[in-house]
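Each chain gets a letter, A, B, C and D, in the order it is written, and its residues are counted from 1.
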(Lines give C-alpha, C1' and ligand atoms only; values in the text may rest on other atoms or scores of the structure.)
Protein backbone atom coordinates (compact mmCIF):
# COMPACT_ATOMS: atom_id res chain seq x y z
CA UNK A 1 0.00 0.00 0.00
CA UNK A 2 1.23 3.46 -0.87
CA UNK A 3 1.84 5.78 2.06
CA UNK A 4 -0.48 8.75 2.11
CA UNK A 5 1.00 11.87 0.49
CA UNK A 6 0.90 15.26 2.21
CA UNK A 7 -1.69 16.35 -0.30
CA UNK A 8 -3.89 13.36 0.48
CA UNK A 9 -3.48 14.02 4.20
CA UNK A 10 -4.60 17.61 3.81
CA UNK A 11 -7.55 16.52 1.68
CA UNK A 12 -8.63 13.84 4.20
CA UNK A 13 -8.53 16.16 7.20
CA UNK A 14 -10.06 19.13 5.42
CA UNK A 15 -12.97 16.97 4.28
CA UNK A 16 -13.64 16.05 7.90
CA UNK A 17 -13.18 19.60 9.19
CA UNK A 18 -15.52 21.01 6.57
CA UNK A 19 -18.29 18.70 7.75
CA UNK A 20 -18.13 20.21 11.25
CA UNK A 21 -20.80 22.89 11.12
CA UNK A 22 -19.77 23.95 14.64
CA UNK A 23 -16.40 25.09 13.27
CA UNK A 24 -17.93 27.25 10.55
CA UNK A 25 -20.47 28.62 13.06
CA UNK A 26 -17.65 30.16 15.09
CA UNK A 27 -15.70 31.07 11.88
CA UNK A 28 -12.74 28.76 12.62
CA UNK A 29 -10.45 27.54 9.84
CA UNK A 30 -7.65 24.95 9.72
CA UNK A 31 -4.97 26.51 7.46
CA UNK A 32 -2.11 24.27 8.61
CA UNK A 33 -2.04 20.46 8.48
CA UNK A 34 1.22 18.50 8.80
CA UNK A 35 2.14 15.02 10.01
CA UNK A 36 1.68 15.30 13.79
CA UNK A 37 0.44 18.88 13.95
CA UNK A 38 -2.34 21.23 12.94
CA UNK A 39 -3.34 24.83 13.45
CA UNK A 40 -6.84 26.17 13.83
CA UNK A 41 -7.27 29.93 13.46
CA UNK A 42 -10.14 31.99 14.77
CA UNK A 43 -10.81 35.70 14.29
CA UNK A 44 -12.27 37.67 17.18
CA UNK A 45 -15.80 38.71 16.33
CA UNK A 46 -18.85 39.76 18.28
CA UNK A 47 -20.69 36.41 18.11
CA UNK A 48 -18.21 34.42 20.24
CA UNK A 49 -17.73 36.66 23.26
CA UNK A 50 -18.16 36.14 26.97
CA UNK A 51 -19.50 38.77 29.34
CA UNK A 52 -16.28 40.89 29.38
CA UNK A 53 -16.00 41.08 25.59
CA UNK A 54 -13.12 38.59 25.28
CA UNK A 55 -13.41 35.38 23.27
CA UNK A 56 -15.43 32.88 25.32
CA UNK A 57 -13.36 30.30 27.22
CA UNK A 58 -15.61 27.58 25.89
CA UNK A 59 -14.73 28.63 22.35
CA UNK A 60 -11.02 28.56 23.28
CA UNK A 61 -11.59 25.00 24.52
CA UNK A 62 -13.43 24.11 21.31
CA UNK A 63 -10.54 25.01 19.03
CA UNK A 64 -7.96 23.47 21.39
CA UNK A 65 -9.88 20.18 21.48
CA UNK A 66 -10.25 20.19 17.69
CA UNK A 67 -6.62 21.11 16.99
CA UNK A 68 -5.47 18.22 19.22
CA UNK A 69 -7.96 15.79 17.71
CA UNK A 70 -6.94 16.62 14.15
CA UNK A 71 -3.25 16.40 15.05
CA UNK A 72 -4.02 12.85 16.24
CA UNK A 73 -5.91 12.12 13.02
CA UNK A 74 -2.80 12.91 10.97
CA UNK A 75 -1.25 9.75 12.50
CA UNK A 76 -4.08 7.30 11.81
CA UNK A 77 -4.74 5.14 8.77
CA UNK A 78 -7.21 6.56 6.27
CA UNK A 79 -9.91 4.07 7.23
CA UNK A 80 -9.88 5.05 10.89
CA UNK A 81 -11.58 7.81 12.81
CA UNK A 82 -10.78 9.48 16.12
CA UNK A 83 -12.72 10.25 19.30
CA UNK A 84 -11.84 12.59 22.18
CA UNK A 85 -11.60 10.49 25.36
CA UNK A 86 -10.77 13.45 27.57
CA UNK A 87 -8.84 16.68 27.79
CA UNK A 88 -7.62 19.07 30.44
CA UNK A 89 -7.27 22.74 29.71
CA UNK A 90 -5.59 25.50 31.71
CA UNK A 91 -6.60 29.06 30.89
CA UNK A 92 -3.47 31.19 31.21
CA UNK A 93 -4.52 34.64 30.02
CA UNK A 94 -7.67 36.31 28.67
CA UNK A 95 -8.24 35.63 24.97
CA UNK A 96 -8.18 39.30 24.08
CA UNK A 97 -6.25 39.25 20.80
CA UNK A 98 -7.54 39.88 17.29
CA UNK A 99 -6.97 36.25 16.34
CA UNK A 100 -6.56 32.99 18.22
CA UNK A 101 -4.24 30.27 16.94
CA UNK A 102 -4.66 26.79 18.42
CA UNK A 103 -1.68 24.61 17.59
CA UNK A 104 -2.24 20.90 18.14
CA UNK A 105 0.64 18.43 18.28
CA UNK A 106 1.09 14.76 18.98
CA UNK A 107 3.04 13.76 22.08
CA UNK A 108 2.72 9.99 21.81
CA UNK A 109 1.06 7.94 19.13
CA UNK A 110 -0.09 4.39 19.91
CA UNK A 111 -2.33 2.02 17.99
CA UNK A 112 -5.37 2.59 20.21
CA UNK A 113 -4.61 5.83 22.04
CA UNK A 114 -2.90 9.04 20.95
CA UNK A 115 -1.81 11.67 23.47
CA UNK A 116 -1.70 15.25 22.23
CA UNK A 117 -1.30 18.77 23.46
CA UNK A 118 -2.61 22.09 22.18
CA UNK A 119 -1.29 25.57 22.80
CA UNK A 120 -3.64 28.46 22.14
CA UNK A 121 -2.05 31.80 21.34
CA UNK A 122 -3.80 35.13 21.43
CA UNK A 123 -2.37 37.26 18.63
CA UNK A 124 -2.48 41.04 18.44
CA UNK A 125 -0.23 42.62 15.82
CA UNK A 126 3.28 41.28 16.38
CA UNK A 127 2.45 40.08 19.89
CA UNK A 128 1.62 36.47 20.74
CA UNK A 129 0.49 35.43 24.21
CA UNK A 130 0.02 31.83 25.28
CA UNK A 131 -3.53 31.97 26.59
CA UNK A 132 -4.41 28.29 27.06
CA UNK A 133 -2.69 24.93 27.31
CA UNK A 134 -4.38 21.57 26.83
CA UNK A 135 -3.39 17.94 27.38
CA UNK A 136 -5.62 15.38 25.65
CA UNK A 137 -6.27 11.65 25.14
CA UNK A 138 -7.65 10.52 21.78
CA UNK A 139 -8.97 7.06 20.88
CA UNK A 140 -8.49 5.60 17.42
CA UNK A 141 -11.46 3.72 15.94
CA UNK A 142 -9.95 1.40 13.34
CA UNK A 143 -11.90 0.46 10.21
CA UNK A 144 -14.42 3.17 10.91
CA UNK A 145 -13.28 5.87 8.55
CA UNK A 146 -15.38 8.94 8.02
CA UNK A 147 -17.68 8.42 5.07
CA UNK A 148 -17.61 10.91 2.27
CA UNK A 149 -21.03 12.32 1.46
CA UNK B 1 -25.93 43.84 54.64
CA UNK B 2 -28.94 41.91 53.43
CA UNK B 3 -28.22 38.47 52.02
CA UNK B 4 -29.02 38.14 48.33
CA UNK B 5 -32.48 36.73 47.63
CA UNK B 6 -33.05 33.89 45.16
CA UNK B 7 -34.62 36.36 42.82
CA UNK B 8 -31.59 38.67 43.00
CA UNK B 9 -29.31 35.70 42.43
CA UNK B 10 -31.20 34.69 39.29
CA UNK B 11 -31.15 38.25 38.05
CA UNK B 12 -27.40 38.67 38.66
CA UNK B 13 -26.45 35.44 36.86
CA UNK B 14 -28.91 35.89 34.01
CA UNK B 15 -27.55 39.37 33.35
CA UNK B 16 -24.07 37.89 33.00
CA UNK B 17 -25.22 34.94 30.88
CA UNK B 18 -27.16 37.20 28.53
CA UNK B 19 -24.02 39.20 27.78
CA UNK B 20 -22.28 36.05 26.49
CA UNK B 21 -22.93 36.21 22.78
CA UNK B 22 -21.25 32.82 22.43
CA UNK B 23 -24.08 31.22 24.41
CA UNK B 24 -26.78 32.71 22.20
CA UNK B 25 -24.76 31.79 19.09
CA UNK B 26 -25.08 28.09 19.97
CA UNK B 27 -28.69 28.60 21.25
CA UNK B 28 -27.88 27.68 24.88
CA UNK B 29 -30.12 28.84 27.74
CA UNK B 30 -29.74 28.72 31.53
CA UNK B 31 -33.26 27.88 32.83
CA UNK B 32 -32.13 26.72 36.30
CA UNK B 33 -30.14 28.77 38.82
CA UNK B 34 -29.96 27.77 42.49
CA UNK B 35 -27.45 28.31 45.29
CA UNK B 36 -24.58 25.96 44.29
CA UNK B 37 -26.02 24.69 41.03
CA UNK B 38 -27.10 25.65 37.54
CA UNK B 39 -28.38 23.99 34.40
CA UNK B 40 -27.59 24.99 30.85
CA UNK B 41 -29.83 23.51 28.15
CA UNK B 42 -28.97 23.16 24.48
CA UNK B 43 -31.17 21.89 21.66
CA UNK B 44 -29.56 19.81 18.92
CA UNK B 45 -29.55 21.77 15.70
CA UNK B 46 -27.59 21.67 12.49
CA UNK B 47 -25.21 24.54 13.27
CA UNK B 48 -23.37 22.86 16.16
CA UNK B 49 -22.51 19.46 14.70
CA UNK B 50 -19.26 17.58 14.26
CA UNK B 51 -18.49 15.41 11.24
CA UNK B 52 -20.76 12.50 12.29
CA UNK B 53 -23.82 14.68 12.86
CA UNK B 54 -23.65 14.58 16.69
CA UNK B 55 -23.29 17.72 18.78
CA UNK B 56 -19.64 18.83 18.61
CA UNK B 57 -17.52 17.79 21.59
CA UNK B 58 -16.20 21.33 21.83
CA UNK B 59 -19.77 22.59 22.26
CA UNK B 60 -20.34 19.97 24.97
CA UNK B 61 -17.22 21.34 26.68
CA UNK B 62 -18.50 24.90 26.27
CA UNK B 63 -21.74 24.31 28.15
CA UNK B 64 -20.02 22.15 30.80
CA UNK B 65 -17.45 24.89 31.46
CA UNK B 66 -20.18 27.54 31.67
CA UNK B 67 -22.48 25.47 33.89
CA UNK B 68 -19.60 24.90 36.34
CA UNK B 69 -18.52 28.54 36.22
CA UNK B 70 -22.01 29.85 36.89
CA UNK B 71 -22.51 27.33 39.70
CA UNK B 72 -19.38 28.85 41.26
CA UNK B 73 -20.73 32.37 40.71
CA UNK B 74 -23.80 31.54 42.80
CA UNK B 75 -21.43 31.35 45.81
CA UNK B 76 -19.61 34.66 45.35
CA UNK B 77 -20.49 38.11 46.62
CA UNK B 78 -22.28 40.35 44.17
CA UNK B 79 -19.25 42.54 43.63
CA UNK B 80 -17.03 39.63 42.56
CA UNK B 81 -16.51 37.92 39.25
CA UNK B 82 -15.22 34.45 38.36
CA UNK B 83 -12.56 33.08 36.01
CA UNK B 84 -12.01 29.51 34.81
CA UNK B 85 -8.54 28.43 35.94
CA UNK B 86 -8.80 24.99 34.39
CA UNK B 87 -11.12 22.08 33.73
CA UNK B 88 -10.87 18.43 32.76
CA UNK B 89 -13.59 16.78 30.73
CA UNK B 90 -14.19 13.11 29.98
CA UNK B 91 -16.44 12.35 27.03
CA UNK B 92 -18.47 9.27 27.99
CA UNK B 93 -20.92 8.81 25.10
CA UNK B 94 -21.77 10.55 21.82
CA UNK B 95 -23.97 13.62 22.30
CA UNK B 96 -26.71 12.23 20.08
CA UNK B 97 -29.84 13.29 21.99
CA UNK B 98 -32.37 15.96 21.04
CA UNK B 99 -31.28 18.15 23.94
CA UNK B 100 -28.19 18.41 26.11
CA UNK B 101 -28.44 19.38 29.77
CA UNK B 102 -25.24 20.49 31.52
CA UNK B 103 -25.71 20.51 35.27
CA UNK B 104 -23.02 22.40 37.16
CA UNK B 105 -22.56 22.02 40.91
CA UNK B 106 -20.15 23.25 43.55
CA UNK B 107 -17.95 20.69 45.28
CA UNK B 108 -15.96 23.00 47.49
CA UNK B 109 -16.24 26.73 47.90
CA UNK B 110 -13.27 28.72 49.21
CA UNK B 111 -12.63 32.44 49.32
CA UNK B 112 -10.19 32.42 46.38
CA UNK B 113 -10.89 29.12 44.63
CA UNK B 114 -14.10 27.19 43.99
CA UNK B 115 -14.05 23.58 42.80
CA UNK B 116 -16.99 22.43 40.72
CA UNK B 117 -18.17 19.57 38.59
CA UNK B 118 -20.51 19.38 35.64
CA UNK B 119 -22.44 16.44 34.31
CA UNK B 120 -23.73 16.66 30.74
CA UNK B 121 -26.75 14.53 29.89
CA UNK B 122 -27.93 13.70 26.41
CA UNK B 123 -31.71 13.59 26.48
CA UNK B 124 -33.94 11.79 23.98
CA UNK B 125 -37.56 11.39 24.99
CA UNK B 126 -37.60 9.78 28.42
CA UNK B 127 -34.03 8.61 28.13
CA UNK B 128 -31.08 10.43 29.72
CA UNK B 129 -27.50 9.36 29.11
CA UNK B 130 -24.53 10.82 30.95
CA UNK B 131 -22.36 11.87 28.02
CA UNK B 132 -19.66 13.99 29.66
CA UNK B 133 -18.21 14.64 33.10
CA UNK B 134 -16.11 17.66 34.05
CA UNK B 135 -14.02 18.66 37.09
CA UNK B 136 -13.12 22.35 37.26
CA UNK B 137 -11.21 24.99 39.23
CA UNK B 138 -12.63 28.52 39.35
CA UNK B 139 -10.93 31.64 40.69
CA UNK B 140 -12.89 34.38 42.42
CA UNK B 141 -11.93 37.97 41.60
CA UNK B 142 -13.12 40.02 44.56
CA UNK B 143 -14.27 43.62 44.08
CA UNK B 144 -14.37 43.17 40.35
CA UNK B 145 -18.05 42.60 39.75
CA UNK B 146 -19.42 42.54 36.24
CA UNK B 147 -20.53 45.99 35.24
CA UNK B 148 -24.01 46.46 33.95
CA UNK B 149 -24.11 48.17 30.56
CA UNK C 1 -18.41 -19.96 31.71
CA UNK C 2 -19.33 -19.35 35.31
CA UNK C 3 -19.49 -15.73 36.40
CA UNK C 4 -16.88 -14.82 38.97
CA UNK C 5 -18.12 -15.01 42.56
CA UNK C 6 -17.56 -12.16 45.03
CA UNK C 7 -15.06 -14.34 46.80
CA UNK C 8 -13.11 -14.98 43.61
CA UNK C 9 -13.20 -11.25 42.81
CA UNK C 10 -11.75 -10.38 46.20
CA UNK C 11 -9.08 -13.05 45.80
CA UNK C 12 -8.10 -11.85 42.29
CA UNK C 13 -7.77 -8.21 43.31
CA UNK C 14 -6.07 -8.91 46.62
CA UNK C 15 -3.48 -11.06 44.86
CA UNK C 16 -2.66 -8.12 42.58
CA UNK C 17 -2.65 -5.56 45.40
CA UNK C 18 -0.37 -7.70 47.53
CA UNK C 19 2.24 -7.77 44.77
CA UNK C 20 2.47 -3.95 44.85
CA UNK C 21 5.39 -3.36 47.17
CA UNK C 22 4.72 0.39 46.90
CA UNK C 23 1.40 -0.09 48.72
CA UNK C 24 2.96 -1.96 51.62
CA UNK C 25 5.79 0.60 51.75
CA UNK C 26 3.28 3.33 52.61
CA UNK C 27 1.21 0.92 54.80
CA UNK C 28 -1.92 1.04 52.59
CA UNK C 29 -4.50 -1.74 52.68
CA UNK C 30 -7.56 -2.53 50.53
CA UNK C 31 -10.20 -3.76 53.00
CA UNK C 32 -13.19 -3.24 50.70
CA UNK C 33 -13.67 -4.75 47.22
CA UNK C 34 -17.08 -4.86 45.55
CA UNK C 35 -18.26 -4.94 41.94
CA UNK C 36 -17.53 -1.39 40.72
CA UNK C 37 -15.91 -0.05 43.87
CA UNK C 38 -12.99 -0.39 46.23
CA UNK C 39 -11.59 1.31 49.30
CA UNK C 40 -7.94 1.81 50.13
CA UNK C 41 -7.16 2.80 53.72
CA UNK C 42 -4.01 4.49 54.93
CA UNK C 43 -3.00 5.36 58.48
CA UNK C 44 -1.15 8.60 59.11
CA UNK C 45 2.41 7.84 60.15
CA UNK C 46 5.68 9.72 60.18
CA UNK C 47 7.13 8.14 57.02
CA UNK C 48 4.63 9.61 54.54
CA UNK C 49 4.58 13.27 55.50
CA UNK C 50 5.22 16.47 53.59
CA UNK C 51 6.98 19.50 55.03
CA UNK C 52 4.02 20.64 57.18
CA UNK C 53 3.48 17.25 58.82
CA UNK C 54 0.34 16.33 56.83
CA UNK C 55 0.17 13.25 54.61
CA UNK C 56 2.08 14.02 51.39
CA UNK C 57 -0.13 15.04 48.44
CA UNK C 58 1.72 12.56 46.26
CA UNK C 59 0.72 9.77 48.64
CA UNK C 60 -2.89 10.98 48.48
CA UNK C 61 -2.62 10.76 44.69
CA UNK C 62 -1.10 7.28 44.94
CA UNK C 63 -4.02 5.79 46.84
CA UNK C 64 -6.59 7.67 44.73
CA UNK C 65 -5.02 6.33 41.52
CA UNK C 66 -4.92 2.80 42.93
CA UNK C 67 -8.48 2.88 44.29
CA UNK C 68 -9.76 3.98 40.87
CA UNK C 69 -7.64 1.43 39.01
CA UNK C 70 -8.80 -1.46 41.20
CA UNK C 71 -12.43 -0.33 40.92
CA UNK C 72 -11.95 -0.63 37.13
CA UNK C 73 -10.37 -4.06 37.55
CA UNK C 74 -13.52 -5.33 39.26
CA UNK C 75 -15.27 -4.93 35.88
CA UNK C 76 -12.78 -6.77 33.67
CA UNK C 77 -12.54 -10.46 32.79
CA UNK C 78 -10.11 -12.48 34.89
CA UNK C 79 -7.65 -12.81 32.03
CA UNK C 80 -7.32 -9.05 31.55
CA UNK C 81 -5.20 -6.43 33.26
CA UNK C 82 -5.61 -2.67 33.60
CA UNK C 83 -3.39 0.35 32.98
CA UNK C 84 -3.82 3.95 34.11
CA UNK C 85 -4.04 6.14 30.99
CA UNK C 86 -4.41 9.37 32.94
CA UNK C 87 -5.99 10.95 35.96
CA UNK C 88 -6.75 14.42 37.26
CA UNK C 89 -6.78 15.14 40.95
CA UNK C 90 -8.03 18.19 42.84
CA UNK C 91 -6.71 18.64 46.36
CA UNK C 92 -9.59 20.05 48.42
CA UNK C 93 -8.26 20.12 51.99
CA UNK C 94 -5.07 19.18 53.83
CA UNK C 95 -4.82 15.44 54.56
CA UNK C 96 -4.58 16.01 58.31
CA UNK C 97 -6.72 13.15 59.64
CA UNK C 98 -5.61 10.01 61.45
CA UNK C 99 -6.61 7.84 58.50
CA UNK C 100 -7.23 8.42 54.81
CA UNK C 101 -9.89 6.47 52.93
CA UNK C 102 -9.74 6.49 49.13
CA UNK C 103 -12.98 5.23 47.65
CA UNK C 104 -12.75 4.33 43.95
CA UNK C 105 -15.86 3.82 41.83
CA UNK C 106 -16.64 3.14 38.20
CA UNK C 107 -18.45 5.82 36.25
CA UNK C 108 -18.54 4.14 32.85
CA UNK C 109 -17.30 0.74 31.86
CA UNK C 110 -16.48 0.04 28.22
CA UNK C 111 -14.63 -2.85 26.60
CA UNK C 112 -11.39 -0.90 26.07
CA UNK C 113 -11.70 2.06 28.42
CA UNK C 114 -13.13 2.42 31.91
CA UNK C 115 -13.78 5.83 33.45
CA UNK C 116 -13.59 6.04 37.23
CA UNK C 117 -13.55 8.52 40.05
CA UNK C 118 -12.01 8.44 43.49
CA UNK C 119 -12.91 10.43 46.57
CA UNK C 120 -10.32 10.65 49.32
CA UNK C 121 -11.61 11.31 52.84
CA UNK C 122 -9.53 12.45 55.75
CA UNK C 123 -10.93 10.80 58.87
CA UNK C 124 -10.45 12.00 62.44
CA UNK C 125 -12.71 10.43 65.04
CA UNK C 126 -16.28 10.82 63.81
CA UNK C 127 -15.34 13.51 61.33
CA UNK C 128 -14.81 12.87 57.62
CA UNK C 129 -13.57 15.56 55.27
CA UNK C 130 -13.40 15.16 51.51
CA UNK C 131 -9.76 16.08 50.89
CA UNK C 132 -9.23 15.05 47.25
CA UNK C 133 -11.28 14.21 44.17
CA UNK C 134 -9.97 12.34 41.14
CA UNK C 135 -11.30 11.60 37.65
CA UNK C 136 -9.46 8.84 35.80
CA UNK C 137 -9.22 6.91 32.51
CA UNK C 138 -8.21 3.25 32.64
CA UNK C 139 -7.33 1.00 29.69
CA UNK C 140 -8.17 -2.70 29.68
CA UNK C 141 -5.54 -5.05 28.29
CA UNK C 142 -7.45 -8.17 27.23
CA UNK C 143 -5.81 -11.60 27.41
CA UNK C 144 -2.99 -10.20 29.49
CA UNK C 145 -4.03 -11.25 32.94
CA UNK C 146 -1.67 -10.86 35.86
CA UNK C 147 0.30 -14.02 36.34
CA UNK C 148 0.34 -15.64 39.74
CA UNK C 149 3.80 -16.21 41.10
CA UNK D 1 15.56 44.06 49.71
CA UNK D 2 18.27 41.91 48.20
CA UNK D 3 17.15 39.42 45.61
CA UNK D 4 17.65 35.82 46.63
CA UNK D 5 20.88 34.30 45.35
CA UNK D 6 20.99 30.91 43.63
CA UNK D 7 22.64 29.51 46.70
CA UNK D 8 19.89 30.82 48.96
CA UNK D 9 17.27 29.44 46.59
CA UNK D 10 18.84 25.98 46.70
CA UNK D 11 19.07 26.16 50.48
CA UNK D 12 15.42 27.25 50.87
CA UNK D 13 14.04 24.49 48.64
CA UNK D 14 16.33 21.79 49.96
CA UNK D 15 15.29 22.59 53.53
CA UNK D 16 11.66 22.07 52.52
CA UNK D 17 12.37 18.91 50.53
CA UNK D 18 14.36 17.39 53.36
CA UNK D 19 11.40 17.77 55.70
CA UNK D 20 9.25 15.58 53.41
CA UNK D 21 9.66 12.15 54.92
CA UNK D 22 7.61 10.73 52.04
CA UNK D 23 10.41 11.67 49.63
CA UNK D 24 13.09 9.91 51.64
CA UNK D 25 10.78 6.91 52.10
CA UNK D 26 10.78 6.32 48.33
CA UNK D 27 14.49 7.33 48.07
CA UNK D 28 13.86 10.41 45.91
CA UNK D 29 16.38 13.25 45.75
CA UNK D 30 16.27 16.75 44.23
CA UNK D 31 19.74 17.29 42.71
CA UNK D 32 18.74 20.16 40.41
CA UNK D 33 17.15 23.45 41.47
CA UNK D 34 17.12 26.49 39.19
CA UNK D 35 14.89 29.52 38.83
CA UNK D 36 11.73 28.04 37.23
CA UNK D 37 12.80 24.40 37.16
CA UNK D 38 13.74 21.42 39.30
CA UNK D 39 14.62 17.79 38.86
CA UNK D 40 13.69 14.95 41.19
CA UNK D 41 15.58 11.69 40.68
CA UNK D 42 14.45 8.26 41.82
CA UNK D 43 16.31 4.96 41.56
CA UNK D 44 14.32 1.82 40.78
CA UNK D 45 14.28 -0.43 43.80
CA UNK D 46 12.11 -3.24 45.06
CA UNK D 47 10.09 -1.20 47.58
CA UNK D 48 8.28 1.04 45.06
CA UNK D 49 6.97 -1.47 42.53
CA UNK D 50 3.52 -2.26 41.20
CA UNK D 51 2.30 -5.76 40.38
CA UNK D 52 4.33 -6.09 37.15
CA UNK D 53 7.64 -5.08 38.73
CA UNK D 54 7.76 -1.57 37.20
CA UNK D 55 7.86 1.57 39.33
CA UNK D 56 4.35 2.18 40.68
CA UNK D 57 2.33 4.76 38.75
CA UNK D 58 1.42 6.45 42.00
CA UNK D 59 5.10 6.93 42.77
CA UNK D 60 5.58 8.41 39.28
CA UNK D 61 2.75 10.81 40.11
CA UNK D 62 4.35 11.62 43.46
CA UNK D 63 7.63 12.81 41.98
CA UNK D 64 5.89 14.62 39.10
CA UNK D 65 3.66 16.51 41.56
CA UNK D 66 6.65 17.40 43.73
CA UNK D 67 8.87 18.46 40.83
CA UNK D 68 6.14 20.80 39.58
CA UNK D 69 5.42 22.14 43.05
CA UNK D 70 9.07 22.90 43.77
CA UNK D 71 9.48 24.51 40.35
CA UNK D 72 6.65 26.83 41.38
CA UNK D 73 8.31 27.48 44.75
CA UNK D 74 11.42 28.81 42.98
CA UNK D 75 9.27 31.75 41.81
CA UNK D 76 7.76 32.74 45.15
CA UNK D 77 9.07 35.11 47.83
CA UNK D 78 10.91 33.49 50.70
CA UNK D 79 8.07 34.11 53.14
CA UNK D 80 5.51 32.27 51.01
CA UNK D 81 4.59 28.62 50.70
CA UNK D 82 2.89 26.66 47.92
CA UNK D 83 -0.03 24.24 47.72
CA UNK D 84 -1.03 21.87 44.92
CA UNK D 85 -4.50 22.88 43.74
CA UNK D 86 -4.71 20.12 41.13
CA UNK D 87 -2.76 18.22 38.55
CA UNK D 88 -3.44 15.99 35.56
CA UNK D 89 -1.05 13.24 34.62
CA UNK D 90 -0.88 11.13 31.47
CA UNK D 91 1.07 7.89 31.73
CA UNK D 92 2.83 7.41 28.39
CA UNK D 93 5.01 4.33 28.88
CA UNK D 94 5.81 1.87 31.66
CA UNK D 95 8.35 3.22 34.17
CA UNK D 96 10.77 0.38 33.52
CA UNK D 97 14.13 2.20 33.57
CA UNK D 98 16.85 2.07 36.21
CA UNK D 99 16.18 5.67 37.23
CA UNK D 100 13.29 8.09 36.87
CA UNK D 101 13.89 11.80 36.35
CA UNK D 102 10.96 14.14 36.94
CA UNK D 103 11.67 17.57 35.51
CA UNK D 104 9.32 20.28 36.71
CA UNK D 105 9.08 23.66 34.97
CA UNK D 106 7.01 26.80 35.29
CA UNK D 107 4.67 27.66 32.42
CA UNK D 108 3.10 30.76 33.87
CA UNK D 109 3.78 32.50 37.12
CA UNK D 110 1.13 34.76 38.67
CA UNK D 111 0.88 36.28 42.11
CA UNK D 112 -1.74 33.82 43.36
CA UNK D 113 -1.51 30.91 40.92
CA UNK D 114 1.44 29.27 39.17
CA UNK D 115 0.92 26.85 36.29
CA UNK D 116 3.60 24.20 35.82
CA UNK D 117 4.33 21.05 33.91
CA UNK D 118 6.42 18.02 34.69
CA UNK D 119 7.95 15.51 32.33
CA UNK D 120 9.00 12.17 33.80
CA UNK D 121 11.73 10.28 31.94
CA UNK D 122 12.56 6.63 32.41
CA UNK D 123 16.33 6.28 32.02
CA UNK D 124 18.17 3.07 31.18
CA UNK D 125 21.80 3.46 30.15
CA UNK D 126 21.90 6.05 27.37
CA UNK D 127 18.20 5.72 26.64
CA UNK D 128 15.57 8.17 27.93
CA UNK D 129 11.89 7.57 27.42
CA UNK D 130 9.21 10.11 28.28
CA UNK D 131 6.95 8.00 30.51
CA UNK D 132 4.61 10.59 32.03
CA UNK D 133 3.47 14.15 31.42
CA UNK D 134 1.77 16.35 33.99
CA UNK D 135 0.00 19.75 33.92
CA UNK D 136 -0.50 21.37 37.31
CA UNK D 137 -1.99 24.36 39.14
CA UNK D 138 -0.21 25.63 42.25
CA UNK D 139 -1.48 28.20 44.73
CA UNK D 140 0.86 30.62 46.49
CA UNK D 141 0.20 31.29 50.17
CA UNK D 142 1.81 34.67 50.87
CA UNK D 143 3.27 35.44 54.29
CA UNK D 144 3.07 31.81 55.28
CA UNK D 145 6.60 30.67 54.74
CA UNK D 146 7.74 27.29 55.91
CA UNK D 147 9.10 27.48 59.40
CA UNK D 148 12.53 26.20 60.09
CA UNK D 149 12.66 23.64 62.85
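Here is the rule we use: a residue touches a chain if its C-beta (ideal position, glycine included) is under 8 Å from a C-beta of that chain, and two chains touch if they have at least 3 such contacts.
These numbers come from a predicted model, not from an experiment.
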For chain B and chain C, chains touching each: A, D
Pair exhibiting more inter-chain C-beta contacts, A-C or A-D: A-D
Where chain A and chain D are represented by their mean Cα positions, the distance between them in whole Å: 30
Intercentroid distance (Cα basis), chain B paired with chain A, Å: 23
Shared-contact residues (touching 2 or more other chains) in chain D: 85-86, 88, 90, 137
Touching residues (chain side chain B, partner chain A) in the complex: 16-17, 19-23, 25-26, 46-52, 55-59, 61-63, 65-66, 69, 83-91, 146
In the complex with chain B, residue positions of chain C that touch it: 88, 90, 92-93, 107-108, 115, 130, 133, 135, 137
Residues on chain D engaged by chain B in the complex (per definition of touch): 85-86, 88, 112-113, 137, 139
